Amino acid sequence: MAQLPSTAASIAPRYDEGRLFSGTTEKAMKINIKELGPAFTLVVLALAFSILSAQFFSMSNVQAILESAAIPVVLAVGITFIIVQGSIDLSIEGVMAASSMAVALLIANSITTFDYGWLAIAAGPVFGLAFGLSNGLLYTYLRLPSLIVTLATWFIGLGVATLLFPGRQPEILDGRITMLAIYKPFGLSFLVCIAFVVATIGVVLQNYSQFGRMSFAIGIDEKTTRLSGNSVRLHKILAFSFMGVLAGMGGAMISAQLAVGNPSAGQGFLFPTISAAVIGGTLLSGGKGGVLHSVNGVLILEVLRNGMVQLGVDPYLRHVVEGIIIIAALVVGNWQLRARTRVVK
Amino acid sequence: MNFIQMATSYNSRERKSEFKRISSRRLLRMLVVPLVTLLLICAVITFFQPRFLSLRALTAVATDAAPLLMLVVGSAVVILIGGIDLSVATMASFSAVLLVIISPTTGDLGIVVVLSLAAFIGYLQGVIHHRAQIPSFVVSFGTLGVLYGTAHYITQATAAPLGSSLIIPFLGAKTAGVPHGLVVAVLCAVGLSLTLRFTRLGRDLFAVGSSERAALVAGVKVGPVKAIAFALSSFFAAGAGLMFLSQTGYSSPAMANNYLLPAIVGVVVGGNAISGGVGGVGCALIGGLIAVMVRLGTVMLGLNPAFQNILFGIMVLVSVALTIDREKIGIIK
Amino acid sequence: MSVLAARHVSKSYPGVRALADVSMELRENEILGLIGQNGSGKSTLLKIFTGVEQPTEGSLLLRGQQTIIRSPLAAAALGIGMVHQEQSLITNLTVAENIFFDKHALGKRYGFYNWRSLNKAAERQLAKLECEIPPDLKVEKLSFPERQLVEFAKVLAVEELIDDQLVILFDEPTSLLSPSEIEGLFRQIRRLKERASIVFVSHRMDEVLEISDRVHVMSNGENVAERTPSETDHKELYHLMVGSRRSEDYFLEERRRPTSAAPPRLETHRLSAPGAFKDVSFAIRQGEILALTGVAGSGAEEFCRALFGLEEGVTGKIIFNGKEHPVDARPSDLIAEGIGYVAAERKLEGVVTGRTIVDNIVLSFGSKLGKGLFIDRDREISSALHWIARLKVKTPNAAEYVERLSGGNQQKVSLAKWLLSENLQLLILDHPTRGLDPGAKADLFEAIRDLSDQGISILFVSETLEETLGMADTIVVMRDGQVSATFSDLFHAKPAPEAIVEAMV
Amino acid sequence: NDVGDVYLGVGSASSEYWAAYIEGAKAVASSLGKDVNVIPSEFDGQKLLEQFGAVFAAGCEDCVVTVDPASNAFTKAMIERADTAGAKYVNLWNRPDEIHPWDTVPNTWIANISFDGVDSGYQNGMALCNALGGKGNIVALNGIPDNPPAKQRIAGLHKALQECPGLKLLDTQVGNWDQTQGQSITRAWLAKYGDELNGIFSANDGMALGAVAALREKGLVGKILVTGSDGSSDVIKLIEKGEMLSTMHIDGYVQGAYAVALAAAAVKGDIKMDELKQDQRDFFLSQTLVTKDNAASVLNSKKDASQFSYDALKGNFWAASVGQIPAGANK
């Protein structure tokens, strides 16, 4: 038989999200409406609450939501890079506690005699950086699950905060830090501005820096990334360090809001931060989502929480309603994305 | 030559025994390493606190560990398929509260009601997770909220004593120094472990955890498998709640909620991969014990609270550094 | 002069010696063909050349200098690039990013991207292949063949990095491409030859003979022979690789039987899937071997997947053994009815990574060997071992994790699980010979004939026209999502290849 | 008998009230030549139960153990374990209404010492009522719902509301004793009620501080009145400055000292269980409502450890008691 050139009836099925490649190549950078589910969720929730409660969409309530969102947004930006890489950081609360104490004790306060001013405020992120860097180093060099490493540093952070706790909360006397929460040039505090700046930096890092892009690569396929010679280790360490800095900032921000150093400063931030990221579409399995997704997730949770108060829902049943709304919102928002061979963990 | 390539008789005994040898060596390694770590931790504690090695001490510790072990074992199933169930601890509280409320009318039949309801809620979670293709994290997070709110609402946030029941107090009692709760927990774990090893369900769970797409194409009923995993997780969680109730005699709507983290940590400490597909119930059981011992160890050494926390952190690190099989897990997240 | 040389290179994995004392050199401006059975060590050797793996023993000489190549990044800087056997693109990054993923390069500075210059640079690479894939598109939006083109662009970009002689390695690059794409690739390879030395791995003898200046044959991790195309032919190469002669009747065409009288096994009426195929009415009979063929985008693969319940929004009618069954049935239901499917993309759909070979083989039907809910491990292992031996899966032991097998051997495992079925009635094979060496192909063809003799219908999408013509009882050609021609009863008369190609385009 | 080891099961190692509690306990313990071992629950009773499991595991004969079980659910289990271990036990805060020291392992469970939450809620509520001239709108921040002090303080508020019909409670939300939650709930309230709001009742000082922080953002500090409960120094300072209205000062130091002293007395035989009356085994300690008037004096009342030696307290273990806990107070 004559040797014919091999004719490949080419392989067309596509393998991500289980979607078939449909005919011709899609236009680049086209925004996929289907992926905007979580954003719609936010809009729909906000609309629903506005209809149900007259005050919800008032200027002052929107401000209240933004103020409440400031610290969670800062944390969510940090956790995004870690989750995108497929890792997790549980140490946030411990880092915040230690940083909050450190800031309060180094700035003019009611307990110690230190008065380092701005330097003391910088101690928050610096403390955080130390924790984050340790997380990254332990994680990548000992090859231990990040869940475990950061669980350990969480408790170490709490221990450090307890060690620093002098028996009563140090009251912050330096007006420069408390002013960050109080002074509102445009109806929004500096803390909200900080959150905005951090989110912007996050978006830029995500889209323009090698660190950001590499984080996505690591999350979707760490092995190939490593095999291609890119330093997975470096970028993991960077992500944890960045998270550490932001958690340290979060601790300082809490101190600014409460005008005290608080060893339980971080309490109750970890879980909502991770949930916000996931609800916004930054999936724990890695490689998906991004900074804006996570920020959107934070806003969803804050709107829900605020809306419940606006409606005066029974404080116990509130959790039931929130739980159902979260599930329902994601079910509806994701319905279009469903496909037989799509895998969601 | 060591390749099968040349094998002629396909039923060759040698190949078979080689396969079995390698498999059991792997299984052994998977269990022995965490076990040795556990013993090591016990040895360290005994060194600083010799009284720990008494029968009395060990049964006391085992009694306390039983509910957590139930939770760890249940959570392990969901983690094996690569998911996560955040609702387990809240489910435990909810079940205890529910039993206390219904037991005056239902008596011990209430236990069946509670366990079935839990399994059903778990199943539902699995179905929603699979059908709507939303992360298990979110479904179980929402469920957590629903259970939390319901438990508080139906009790009006009040702790209440368990009325008359025969089975629950029996769970909390001991025979010849052996706490019944521990026996039940271990029996459940063994039952589950055997199920995973000797039924199709077990293989399917691992396949879904390792590579869901390939499992689907190979005919694994991914949806039901996931739903069953969540049902098992919730069922065990409810069991844990009842076991905990047997220890306290009182229920309260948040009584077991703080078990969530130790439960997940126990699974990972035992050498299971959080990303799924690697490990098993046995590992989880030992991991749960390690998690308990680490926590107790920090108290037994009599340090001040700040150092208790720091030591806890370090001990968790060290024990996982010892138990984890880096070769098998490969990429560690 | 030798550009890149391996000196006594060995590579061992636990229980396997993938390379045993291989010495080999790649000369300036030559194309070296590399062939060998599945698992003979070809990919391993190339991985050592690009720093993906380090040799256990031996050394590499680059341009006469002993060199340690630590990583692909280092290799790229030294002018060595590779197209991997399994696709290695990062799907959530853009085409441009992927092209420069393993390079310190253009468009990146101080850790930040200049997207415009990165995209421009990527466009230049893609232009060499005359394809118009937008560089800022995420790879996950590309079709499989398009991704392969990006892989080529990625390796071509190495030439921008250094002025020196390049080394370009291709590990089975053609198995996904259409003839015109292969032609384009060959043009590029010939152009590159001006300034590069090239290794070309393929199981397609004709390609190797066409493009290579020299051919090396590997067997069991050793370099067993060296030939030039002019002094050798298919037959000899086959013999060198497989160890036996290729029979005249490679496709066992003698065993082809008339099938037009057999009762239908499966029929479809106006089956459609959005964006893939439309109104396909088609029938396959008992024991019939039916080849479905078409160019990229013809809908042939999607049609196969639809029959196995892997497509979305399918409408129409499917009649299986005379009974209508729902178009949205799930794979598990279809398997229960006796349908099997060997996936084209084995890494994602063919094998369950992280599990052993045995567990993979018994995944679908192992439980049938047990009682009730319980499995019978002993019988499962026996049947798995049976098929490991029958299909000559090359592995140190049956408990090896499946991802550690060579590509072709994984393909065998992926197939083996269907052979355990007792009521298999229709087996759908999507590119079943992809990555198989010629010997293994012959074994597969024999297995297909055996199955057909048992009355099992085989629906397959093939790698090549040659296979299609060699194996099929019936050929159905698809174009733009519709059936464009049907050639039945090849037992009586074979169509001219030209007629098939004409129906395709 | 000699006193064995001293164990303190506390809510947290880093809160002012508990730090004072530990100091008071230390004062008595060291006068007996003993160190104290502190085991914090971080308000997680299940964890505490497990940790005390370790303490009790190998027996703890004649140990002095004082525990806040963090929730009524764990009280009985904790006491039964103390009994098996041979310890003397004093319970704090969380006693289920059905069980008492005299009817539940009476020789182990020496006493239950608490502060009157209903009184706290009532007095703070009345302080709001008075400050607002008997008329106005308030909201309430509740603690962890199943904690008796949380329930009691809210009950006390409702009692005050009955006496002060002009005061309207617009909403109650759960802040879980937590500063941050107190803050964000308050923000939402401010947006919702705006000028209508006159006062915020908070079940503890932590959440009250959060509320004040939210008010400060809006420049409303001192304009909307805030009450707390605990009497932490930062809150008292705010009261001094007129930025908060009131708080109920509970004296952790005194509580710690008497709790340890009572258990030690039982070990030493200085008190006889069967001779004690019910109000000597289940009682509230005195607490002080702090307002602008007495803020300075409360802040400056520093305790002197020498006045809190075992021998000094031995004279009257009930000097700080204000009477038996009434039935139904812990429902």
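In order of appearance the chains are A, B, C and D, and numbering begins at 1 in each one.
As a working rule, a contact is a pair of C-beta atoms (placed from the backbone, for glycine too) under 8 Å apart; a residue touches a chain by one contact, two chains touch by 3 or more.
Because the structure is predicted, anything quoted here is derived from the model rather than measured.
Note on connectivity: the fewest steps through touching chains from subunit C to subunit D is 2.
Distance from the subunit A centre to the subunit C centre is 41 Å, each centre being the mean of its Cα atoms. Between subunit A and subunit B, the centres computed from C-alpha atoms are 28 Å apart. With centres defined as mean CA coordinates, subunit D is found 36 Å away from subunit B.
Subunit D has residues 13, 145 in contact with two or more other chains.
For subunit C, residues that reach two or more other chains under the stated contact definition are 310, 330, 348-349.
Shown for subunit A are the residues that touch two or more other chains, namely 15, 162, 316, 339-341. Under the contact rule stated at the top, the pairs of chains that touch are A-B, A-C, A-D, B-C, B-D. Residues of subunit A that touch subunit B in their complex: 15, 18, 86-88, 138, 142-149, 151-156, 158-160, 162-163, 222-223, 275, 278-279, 283-286, 314, 316-324, 326-327, 330-331, 334-335, 337-345. Subunit C meets subunit A in the complex at residues 51-52, 70-76, 88, 90-93, 97, 101-102, 108, 111-113, 115, 133-137, 140-146, 174-179, 181-183, 204, 206-207, 273-276, 292-302, 305, 309-312, 330, 344-345, 348-349, 430-431, 461-466, 468-470, 497, 501, 504.
Against subunit B, the residues of subunit D that register as touching in their complex are 13, 37-40, 44-47, 49-51, 53-59, 71-77, 81, 84, 96, 98, 144-146, 150-151, 331. Every residue of subunit B that touches subunit D in the complex is listed here, in rising order: 49, 51-52, 54, 56-58, 60-61, 63-64, 68, 152, 155, 157-159, 161, 244, 247-256, 258-259, 292, 295-297, 299-300, 302, 304-306, 308.
Interface residues of subunit D, counted against subunit A in their complex, comprise 12-16, 19-20, 23, 142, 145, 170-174, 176, 178-181, 183-185, 187-192, 194, 209-210, 213, 216-218, 232-234, 237.
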